[in-house]
Structure formats: structure tokens, C-alpha cells
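Naming follows writing order (A, B, C and D), and every chain is counted from residue 1.
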Amino acid sequence: MKEPNKRKIINDPVFGFINIPNNFLYDIIQHPYFQRLSRIKQLGLSSFVYPGAQHTRLQHSLGAMHLMSEAIAQLRLEGHEISLEESEAVQACMLLHDIGHGPFSHTLEHSLVSGVNHEEISLWMMQKINREIDGKLDMALQIFTNNYPRKFLHQLVSSQLDMDRLDYLSRDSFYSGVSEGIIGAARIIKMLNIHNDQLVVEAKGIYSIEKFLVARRLMYWQVYLHKTSVAAEKMLMNILRRAKELAGRNVDLFASPALHYFLYNEVSKKHFTDSEVALRHFAMLDDSDVICAIKVWSEHSDIVLSFLCKSFIDRRLFKVETGTKPVADERREVLLRQYMTHFNVSAEDATYFMGEEIVSTDTYSPKDDNINILYKDGTVKDIADASDMLNISVLTKKVEKFYYCYLKL
Amino acid sequence: MKEPNKRKIINDPVFGFINIPNNFLYDIIQHPYFQRLSRIKQLGLSSFVYPGAQHTRLQHSLGAMHLMSEAIAQLRLEGHEISLEESEAVQACMLLHDIGHGPFSHTLEHSLVSGVNHEEISLWMMQKINREIDGKLDMALQIFTNNYPRKFLHQLVSSQLDMDRLDYLSRDSFYSGVSEGIIGAARIIKMLNIHNDQLVVEAKGIYSIEKFLVARRLMYWQVYLHKTSVAAEKMLMNILRRAKELAGRNVDLFASPALHYFLYNEVSKKHFTDSEVALRHFAMLDDSDVICAIKVWSEHSDIVLSFLCKSFIDRRLFKVETGTKPVADERREVLLRQYMTHFNVSAEDATYFMGEEIVSTDTYSPKDDNINILYKDGTVKDIADASDMLNISVLTKKVEKFYYCYLKL
Amino acid sequence: MKEPNKRKIINDPVFGFINIPNNFLYDIIQHPYFQRLSRIKQLGLSSFVYPGAQHTRLQHSLGAMHLMSEAIAQLRLEGHEISLEESEAVQACMLLHDIGHGPFSHTLEHSLVSGVNHEEISLWMMQKINREIDGKLDMALQIFTNNYPRKFLHQLVSSQLDMDRLDYLSRDSFYSGVSEGIIGAARIIKMLNIHNDQLVVEAKGIYSIEKFLVARRLMYWQVYLHKTSVAAEKMLMNILRRAKELAGRNVDLFASPALHYFLYNEVSKKHFTDSEVALRHFAMLDDSDVICAIKVWSEHSDIVLSFLCKSFIDRRLFKVETGTKPVADERREVLLRQYMTHFNVSAEDATYFMGEEIVSTDTYSPKDDNINILYKDGTVKDIADASDMLNISVLTKKVEKFYYCYLKL
Amino acid sequence: MKEPNKRKIINDPVFGFINIPNNFLYDIIQHPYFQRLSRIKQLGLSSFVYPGAQHTRLQHSLGAMHLMSEAIAQLRLEGHEISLEESEAVQACMLLHDIGHGPFSHTLEHSLVSGVNHEEISLWMMQKINREIDGKLDMALQIFTNNYPRKFLHQLVSSQLDMDRLDYLSRDSFYSGVSEGIIGAARIIKMLNIHNDQLVVEAKGIYSIEKFLVARRLMYWQVYLHKTSVAAEKMLMNILRRAKELAGRNVDLFASPALHYFLYNEVSKKHFTDSEVALRHFAMLDDSDVICAIKVWSEHSDIVLSFLCKSFIDRRLFKVETGTKPVADERREVLLRQYMTHFNVSAEDATYFMGEEIVSTDTYSPKDDNINILYKDGTVKDIADASDMLNISVLTKKVEKFYYCYLKL
């Protein structure tokens, strides 16, 4: 019996319509691992600053798949042969590239799990789905891990000009309302080409690439590293650290079974690789476990935990100061003493009411992979050399800022 | 000491920037009741159909406040005096008009609480905030309950052309990606005027009003009453009914304290009016309590509950058939017998795998309040008379559809 | 020698990018007849009311071609075979469907030429191009004149839901800034299908079609028949009638040779069909001939001509009154006498300072062709029957308005 | 008698609605000089490349006035007192800042008039209007010429971050469809402040300013200096030079009286200052005079003129090569000889079939005025120092390109 065609059209505020062209991709979208992404916000705590930024990792993954289909169409127009199987494989990569993200991903990685990052979990999840569907993801996995012979396919999936970035910059700026972050994704894709199995951008696209890099930088400072978001993250990290500490002391904490598992165990890489338990619990975690627990903890008897949770829930966030060097020890001491007195807690407990973070960003990093510009005469140049504006010294300069977050009594 | 000015600008993808003009409105926004709205999605389960529809009730309330400030500015330009206090009061109304919504509001009202609707809860919450801020909401409450002498102010807050509708139609169409639902909110507001203390629209705005009514109708059938959304709601309703039934039998269910309260008690209006316990618990409920519980219940020993929850979480929703009359008894019987066999459950338990809903909508209902058109000669006509296209018989015709939802084995 | 591929991408503010897929279509675009459309504004005098409405007939034709390519892609996705030749032919039709428009087309047709309409001229021009390119437009001409066996192709080109309308409603609302006129062109195209060689819309698209019809109606009254535009058109018509009258009396008038030809000859259909002179002159006419002449005429010794021209150029337009019946004879008389005194002119000359127009529109006219809705069970219904809102009596009601334009002294 | 209020709302595709707040500004808009701008395209010949770029100088002037009203409102919100008279004066400046532009302005300045630029003509026209309205433009003229004591007002009108640039970058990118040129005009305006009578941008706006400068640069290379536009300009310049040469030899040329005046006289600054004749003729010139004449000249007996005109009208433009140094003399010679043979013309006449242009742009020029960044501690820095990305060496680097345009036989 012929399987019914599951071709679907999904409405997307950013790109209009997204086609799901066939059953293979449709079935990935229907997988519980993928549906979980609908319960994880792409920008985590940014909605404290930008209330519109509610979009999910599921939307981003669909959008990246959509841009991939446009990129493939463009490269075919340029005369490059890309097989149907390759095309489906890179689209599957985009659907699955973020599958291993947990709720409030970066915060979680620094508190609940140790020594495991979301890239590894993504790979494990992809491998697990692959086993379930009899190896249909083999080529996608090869491309994802850069073991497929045609290198430009991996570059479309993961490089400084991949479909991941093109979607998230477009989508994050759209939803946050920071319209200056909008990049010309459509125009950049129209400029893509392949040269010696490398993804390149045609020379007339230089200005669009410059704009893309500047927009990316703007999004970093204006959205991703917005000081209020960092304050919220720092607060959430302290909450989870405190909860974990209490759990370590066998204090009773409300938690869903999945969250409970990560609170009451020291989960490391070994837990994921030795059995399926860790991954199974991880696959049940989403934003709701964390938010729901924090609300309940806001009435916990531990004053540190409950105070932080209540403040977090009611959006009374840490104050933040930014600077070019770490906060002075004296200032930290003064505040800690205030907290000790005010909450009647130990010096160690008082540290939960503050946090520090060094944030840094380089706009473009030519070490690993490059954005290559193709000229009409066939020569290829790195964008850092091709652009007379964005010269290499500027582009690769790492900018570092110190964020000091603390409770203002 | 002079209180610092808390004037703020909020980025909004729909309207660009939203100004919070003063401390009075800022303090309402900072209230925990209001912040709770950031954890409740405006369109509840519609994101199963439109993945972009992730916007929250907080955003909608801010947007409605913004449109209100534009409307006030417009009416002042037309020469009507509106005091600063009145202006702040109607803006406060818009911030607070939905404050009493629970998570997945309509579903919840039909399962967890009985005989209490969100409008009543909104009023109780407004009154509670008013007590906390020494009666500063007195005028807002008068306007909200239509006890303020100047009636047009209430109409701006609640009527067939209120700022609530203008915002939610704009916002819901924007986020769902159903761009045909976009209305000309800015143009409609530019056409507003007051005539004999009634909100009216100037005659040249007739076509914009027609368009607004048609867009509203389109949004009803295409989004609010989309059959897949209705299926998801029906499923959620059955889940909550089942959970409540199990709770009634003292079966143990994972739940946050707030959700626990509504599951294990028969909460009625009396509970809200006699003490603060019900309202306090209600104010702690949001989407995360429900989603988090359903995930845990998906592994519950009760097969009815766990099957529904697992299906819901993984987006395997009920099938839906729509028609002009209820489903035939025989068809229902056949399915019920299938479920009884398949799940080895009683006839009564089998009913949880299906649901029926009569949905109906009239585009415009001239009974209660009207959309009035003001002509240059000073005469006023109901839009149903003024429009040669949308004549009264068409506009007021109630369209009814029967949705039959069921598990496809 | 292989001809170089002229594949081009054109930036379009409305649709993003427009592809010109091959040399055949590219060569049509490069034809002088087509390039002439870049010098004729799509909305003629509407820019007196909507200063943004500056877009040209060339842009509209490119846009309609673009939508046609999307419609063809959609119908192929639905499984209908459409040959490359057919696809190119319908796209050529869209490029050429308006090729015979003159500057300020409707005005011109009522003053400079008599008994010839732009549809006829379009056909003559298409035939002439066809002769130049050795019959490559044969199929396009068959489709255009509805002599091609597959009728749905003609419907895509010319019917109540053709690509012409989809483009001009989208484009005119975009450029005028009347955003309520925006229709969901992309969504409507996604709903297109073919049934028994008829273009149909799938049932779930009903609301989009309702919205399309209402938006069209709104655009009629708000833009195309805006009273200030009508006043400007009436003024221009009187200017050209006066110029023609003076030319008939051999009064000397500044004019480009092309305009001169139409002023100093009584050009009728016969002139076009008997020789190439009329068509050759027509092909040289565009907005600039008319505007440039009117500026010069504003200093002509004929007071009627110069007064009208100076007023027109400086945007001091006729006043307009609209009503449901013609203006009363007495009122007209009073004004005429005023003009006779004021300008010291004859009764006949005084009539140039006023104008009357009966404008009418029916939103949907099911006489000629229908918008057909296809249900899942294979039945087909006219939209006027399928929509419970837009019932036939409303849709087909012809609305008539009387515009009375006059100089206010 | 009280003058009727002429408050008007104008639809604008870029900013939604533009308010004309009072009679003073309304009367300027109604002035024939201002209305002339509705017949001059903002981007001149760019529509050969970007067919959507049809917007007029009138729209740009209205848009700049609109942004000015927003900027004034913002500065008042920041606590700066700006009188109603000052506010009207700067808005009048924006309406009038481009009033002296002729059709295809830059081309014309290099061919028809000598030693007179549009800035001077703007001033003369403003002074003439000022005389007509009894000095009501006195303050506007003071601000325009930077003779008003409060210097920030002039900076709003003319500086590297003036309302002129904010509008034209927004508008030109919108209409050309080059969406990467979109700047966050609204956000930049929200960041404006005044410090020591200097316009400054608050520090958190740095990224928006970086983005603005990069977008500006992108628009230069992608739109304003697009090689096809430059080719068209070069062609137009040669056409006008040839026409002027023929006129100098008393050859008869079709032309409107206004164009005739500039063709058959050597008009210099003296002509404008000594009598009103030159200005009166200039005020009658717009795009239509030039386009209409070129069409007629395409059949002129002078082969150089007619060939260039016919090519221009049919969009068969010069080929362009760009490089970092001028074209080699030998190459130029070879081509000239080809033209001499092909057209049977003299060496001098052959030069009309080619053209050269050195185009250059510096993104930001800190010599004259600066974009100043205001920090919270009250310090002010030039953006070139404040931005760690756009350092001064990069920003001020002048990029030069050589364009060589020639007829390809």
C-alpha cells in the first residue's frame, strides 16, 4: 500500500509559508524529541527584556530547514548537482541540529549537568532516532559530523554563514522587535555558490555580508548579552545551584521526576553513555519543569532559595553593572555583609545574591572556517580581506565585558 | 524625596515601541498578578496549528494599553477633553482587563473551576490590587464596570470596537502568520470620534470597519476555531476532567500545590468570595503547571490519563470532523466499543477518547452595543445599516458548526 | 553559438525578488513597448491623494508574471501537468496584458482617442511583437484571446481571480499605504487547483476569498474612486478636451509629436487598423508628454486652458460632492453663471470648470466567470453560494455614486 | 474670521501616517515650488536598476518633516524646552531642504547649468517663499544657514545624523527593495539627546549607529553608485551635453520653454542672482521635460543625439567596467576608432559614446561634524572612538572606484 503523502504547509510569521516536502522530514517533525522543542523558548530568559521573544526552538529548526531548501534550490540553479538524498539529509540536519538543547540551555549546562554540552546530546539523540528509523539518518549524521565527502554540505549546516545563523538572526530580531538585527537572508542565499567544494559568496554580496556581521554583533550586545538577560540568567543559575545544594543535603524539593533526577544525582557524561536513563529523563525536560518548580520553591523554607525564586518569578531581577574589569573585592565584601545581616545567613549563602560573568564576543573568527568571497575571475578571498571596511584587525578583535550582578536591598 | 521616574520603552514586534508613560502604570506592570500573564499564552493551544502563536497575555495587555494611548491622543486632537486621570484610568483598564485569565482559559473554566468565569476573577484581582495601592484604581474600576459617567470611556475598554479587539486581532494574526487577519488598527483609531458621549467612527472609515469585521470573522474560523485547535482543547479538557475524577477518588497525581488545590477541591464562586485561598492559588497557576503535570501524567498507571497525556505531549491529537449537525449515535457507539476493547476500559471511561463541541460565531452582534458611524451632517447609523455590503441579515446571522473529535486507533 | 543565458533577478519591494527565468521572457521585457510601461504610472492621478502611489505599469506587469510562476508551480504540485511552453506563454501573457495602456489611461480614452480601448491596443501590440519574433507568442495570444483548449490558463490570465488582480491589489495597497487593501496573495495561490479544466479554490480558502473581495471593494472606494482622484481625472479630461477643441480650431499648442498627432487628428479605430502610424505614435506616448504639455499650457493665452492647467499643476483641484443622484440643474446653472462672469467666457466654455461622473462598482459579478470553490467531496460551488457571509444578493448589488466636481472660486 | 484648520493626515507606505499639524506647514506644502517636487524622482535613474524606486522628492521631504516631529517630541520628553516656533521652523526646514533640486539633479548640474548647485537654489527658493509669506520663514532660514543660536537645531536639519539621512536611507531602501538598507530610524530617534547644545546619541545606541553607518555604506555601493545607474547617468549627461552643443550651433531641438532656456543660454550663477528669469524657468523644470524631450530627440537627424536618446529610452545602456585605476588610453582609442567608423563621426563626436567617472565614498567623515555618543557619566565621544568595531581608520578611509562606461557595438 502506498503511504499517504504528508506534505504540509506551515504558517511562519518570519518567512510566510514553510513547506514540509515529504514524509521523511514530516516524520522527524512528529518525533517526540522534536515536539519537545515546542516547549523550549529559543531565547530563554530574553523575554524578561523583550516580551515578544517567545518563539521556540521548534520554530527555529523549521525555519532553518526552510532556508536550507532555498539554499539547495539556489545552488542547483547555479548548476551544481545535489541529489534528492543529499537535499533531504541537510534538511534533516537543520531540523535536528538543536535537538539536544535543554530548557534555558546555557544556564542548565552550568548548573544541573556537568561536563556535558548540548552538541553532544544532540548527536546522541540523532543517533537514537536513527536507530528507530533504520538508519535513514545515516547521511545526515555523516554531514552533521563533517564526515561526508562533499564539504560544502556541512558548511551549510554549520559554519559562520550556515542556515542556523541565517534563521536565528532573522527570527530573534523579528520576535524581539529589534528590527536592526534583520539580515537579508534571502539576498545572501541568492549570492551563495560553491567553489572547490567550499561554500562561497559571490563578490557582489560583500555588502550584504558586512551587514550580516554587523547585525550579528548588534544582536549580541543588544539581545543575547543584554545586561538584564544576563542578570536573569545569573539569578536562575544561582537558584538551580542552590536547589542542587539543598538536594545534596537531602532537603525535600518539589520537582517533576525529570528535574528531580538531575537535582538529586550528579549527572555527568558517563550517565548518558552508559545507559539510556539520563537521556530519557533529559528528553522529558522543558521550560515548564523549571518554571513550575521555581514558583513552588518561592514558598520554600530555605530563605535563600525562596527569596531568589520569588524575586525571579515577579521579575525583580539583580541589578547589573558592566565594566572592563572585575568588580573590586571590597565592594563585593560590603554587599556580602549586607546580605548576611539582612537575611541572617552565612557568608557562603550570601554569595547566592550576586553573580559575575565575563562575556565576550568576536564578530567573526577566521580561525576555524571562513566566509569566502568569490570573484568573477575565480579568485577567492576571506571576507576579512575582501571588505575594505571590516578589516581583519577589527573583525577578529575579541571584546570582553565584565558583568557584575547583585541584589539591591 | 521625589520618586524616580520609571518611564520605560518596551520593544514590541507588532507596534514597534510601547511607552510606559509613568510610575502609576509601571507599578501595575510590575505587580505579580500582571507578571503572571507573561507565563500564559494568549492563544493557548493554537500553537499546535500555528507554531508562531507563542505570544503571551502580557504582550496583549501592553499592546491594548498602547492602542488606548493612541485613541486618547486622537480623541483629544478632535477637541474632546480627557483628563490625565481619565487617560491613566482607561490605560490601567487595558492592562488589567484580562488579569483573571487562567492557563488555557476556556478549557480550564470548563474543567477545573465551576461556575466562575475569568471576567469575575479579573474584577476580584483588580479590586485586590486597588486595596494594595490605596484606591488608585477607583476610577479604572468605575470605567471597567461601566459605572463612570462618561460612557465612551467604557466603550474604548469593552465594546465591539474596543482596544482589546484591535490589539488581539492585530497581534494574533501577526504571530500566527495569518496575515489576512491584519486590520488597520492605526487607521481605525484615526477615524474615532465621540458623539453624544458615544464612541463613533467617522463615515469615511466604513470600509475599514467592514474590513475589520471580515478579518475578525476570518480569524475566528481560521485560527480561534481551527479544528485542530479545538481537537487539542477537547483533549486537554478530557485530560483535566479525568485528572479531577481520579483526584476525586483520591488517586495520587503529581501537581504543583496550586494545581493540586483545584484538582482535589470542588472550587466554586463561594471559595473565591469567602476567603483569599482560592484567589491566592489561582494567582500561582500558569501554563507551566498544566504542561509540567501532563508530562508527568503521561507515565501514570491510569491508562486513560496516561494515554491521553502522552498523545497530547507528542502532538498526536484527536481527529476532527465538522458538520452541520451532531454526530450520529451509532457512529459514536461503534467508536466507544472499539475503545472499550482496545484499552480494556468501561463504557464511561471510553468516552474520554472523544469529544463534541458546537462552535458558533456571529460576526457582529448589534443587540448589546453598536459600532456607530458618524456622518458629516451629524447623523449616526449602526454599521449594519450604514454598510451596503454588510447588511444586517448577514452580519447578525449566527453560524453554527458541530465538531466531532475522536481518537483514531 | 549558444546564446548567453539572460536569467536575471529583479528586486521588488512587494514580493522580494522576481526571477526572469529565461531569454524568451527577458527579451519581451527588453522590448521598447514594454520599457514604455516604466514611464506610465499604474495609478495615474492617485498620487495626488496618495503620494506614495508612484509605481509603474512595468512593475505591475513584472509582479503579475511572478505570481503566475508561483501559481503554475502550485498547480504542478497538485499534480497537474503544465508544459514548459504553456508556462512561458501564460507568463508572457502577464507581461503583456496591459501593454496597450496609454498615460492616464481612462482619461485619455475619453478625450484623445475615440472608440478605441486599451484592450484592443494591447492585442495589436502583442500581435506586432509576435510578428517581430517569428510567432513565438502564438500560444500566448491563443491563451490571451481564450482560444486555447485548456481554459484554466486563460482564467489565470483574466478572470475574477486572475494574477492581474492579485498583483494590482497587493501592489496598489502597498504603494498607496492603504494597508487594509493587502490581500493574502500567497495564501490564495496555495489554495488554487484545477477541476474539470476550471480554476477552483479549495474550500478551506473561502475566508481568504471573502477577504480578497472585501479588500478589493475597499480599494475601489478608498483609492481607485477616491473623490479627489476623480476630481483630478475630471480636470485632466477637461484640459485634454479643451486642448483638442483648440487644436480643432488650429490654435497652436505645445506638444510632443506623439501628443500632437492625437490632438490634431480625430484618431479612431480605423487609424490603428489601416496603417501603423497611429500605433507608432501611441507607442511613443507616456506620462511625460502629458505632464510636460500641461505645464507649458499653463501659460497659454486661452484662459480656460491655462487656468485649468495651472490649477492642475499646482494641485488646486476641483471640489467634489458625492451623492446618490445627479446634481440639480439649478445649482449647475448658478455655478456656470459665476464662471462666465469671473472668466468672461461663454456658457459653453464655462462648462470646462466642472464635471460629473457616475461611478459604480459591483464587488463580484457572477455573470461572466465565477470564483469556484472546490469541496473535498468533489462538488463545486460559486463563492456567492459557498460563503455564508457574502451572499449573492450582497455581492452582486451594484453600488452607484454621483460625483459632482466643480471649481470653487 | 478664524482661518479653517487645514490639519491633514497623509498616508505614507514607509511610516504609516504623516500628520501635517497646522496651516503654516500645510501652506508650504501647497506652494507650487513644493508641488514641483512631486514630479521629480528622488533616485533619478536608479529605477533602471530598481524598478520600484519611483518615489519622489516630495515624499522624502514629507518623511523628513515627519521624523523631525518625532525627534522634537523625543527631545522634549528628555526635558529640553523647544518652542512651538522652533519646532515649526525645523519642520519647515525639512520640507524645504531639497526644494532646489532639479530633475536628475546631479546630471543636470554637470550639463545644463554651470557653477550653480542645488543647495544655493534651495536657499534662493526659500528666500523667495519667505518674501511671499511676509517673513514667516525667518527662523527656518536662520536654522538652515546655521545662524540660529541653538546649534542642535541645525544639526537635526543637516549633519551626519540628520533627519534628511534618516528618511532617505529608510525610504530609498524601502522602495528599491534593498531591505538591508533599512535602518532603525525610530530607535535612533529614541536615543537622541542634547548635550551642551550639541545633538548626541545615548551610549546604548552605539550599535544602532554602527548599523546605520554600515547600512549607509551598503546603500551607496548597492544603490546610489550601482554601476548600471552610473551608466545611465553618464548616458544622460552625454545626451544633455550633446543637446547643448547642438543648441550652441543653433540647431533646432524640441524642448519645453523651461528646458529650452537652459539649452540655448549659458546659465550661470549670475543669471539667478541678477533677475528672476532663471529661477522662474528652473521652477518649471521637472523629470517630464527631460524625458519628453529625449523621446523626441530619439528621431533627431543628429546621429549622435538620436542614437543615444533611442538607446536610453529603450534601456540599452552603456556597458560599465569598474576598477581601481582609470581606463588605459589605448583601450579608449580603440573604441573611439570603432565609433568613428561605425557612425561615421569625428573623433570628438565619438567621445559621446563613452564616459568616465571616479566615484568615492567615505562612510563617515569626522572633519566637519561628528556623531557624538553621550555616556551616563556625562562624557561625550565621537562614534569613531566610541565604537570598538568602526574605528577611525576604517570609517574615514575614502574608497575610490573608477567606472568606465562605453557603448558596446
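Here is the rule we use: contacts are C-beta pairs under 8 Å (C-beta built on N, C-alpha and C of every residue); 3 or more make two chains touch, one makes a residue touch a chain.
What you see is a predicted model; the values in this text were computed from it and never measured.
Visitor: Chains shared as neighbours by chain A and chain D?
Guide: B, C
Visitor: Name whichever of B-C and C-D has more C-beta pairs touching across its two chains.
Guide: Per the contact counts, C-D leads.
Visitor: Can you work out the whole-Å distance between the CA centroids of chain C and chain D?
Guide: 31
Visitor: Compute the distance, rounded to whole Å, between the mean C-alpha positions of chain A and chain C.
Guide: Result: the chain centres lie 50 Å from each other.
Visitor: When the centre of a chain is set as the mean of its C-alpha atoms, what distance in Å lies between chain B and chain C?
Guide: 44
Visitor: Two or more other chains touching the same residue: where does that happen in chain B?
Guide: 16-17, 178, 187, in rising order.
Visitor: Report the topology of the inter-chain touch graph, choosing from line, ring, star, complete and other.
Guide: complete
Visitor: Quick check on the complex: what are the chain B residues that touch chain C?
Guide: Counting only chain B, the residues touching chain C are 178-180, 182-184, 187, 207-208, 210-211, 214-215, 217-218, 221-222, 363, 388-391, 394, 397, 399.
Visitor: Taking the complex as given, what residues does chain C use to touch chain D?
Guide: Chain C residues touching chain D: 10-14, 16, 30, 32, 35, 38-39, 41, 47, 50-52, 54-56, 58-59, 62, 174-178, 254, 256-258, 284, 286-289, 291-292, 295-296, 299, 313-316.
Visitor: Quick one: which bits of chain D touch chain B in the complex? Just the residue numbers, please.
Guide: 7, 9, 16-17, 77, 186-187, 190
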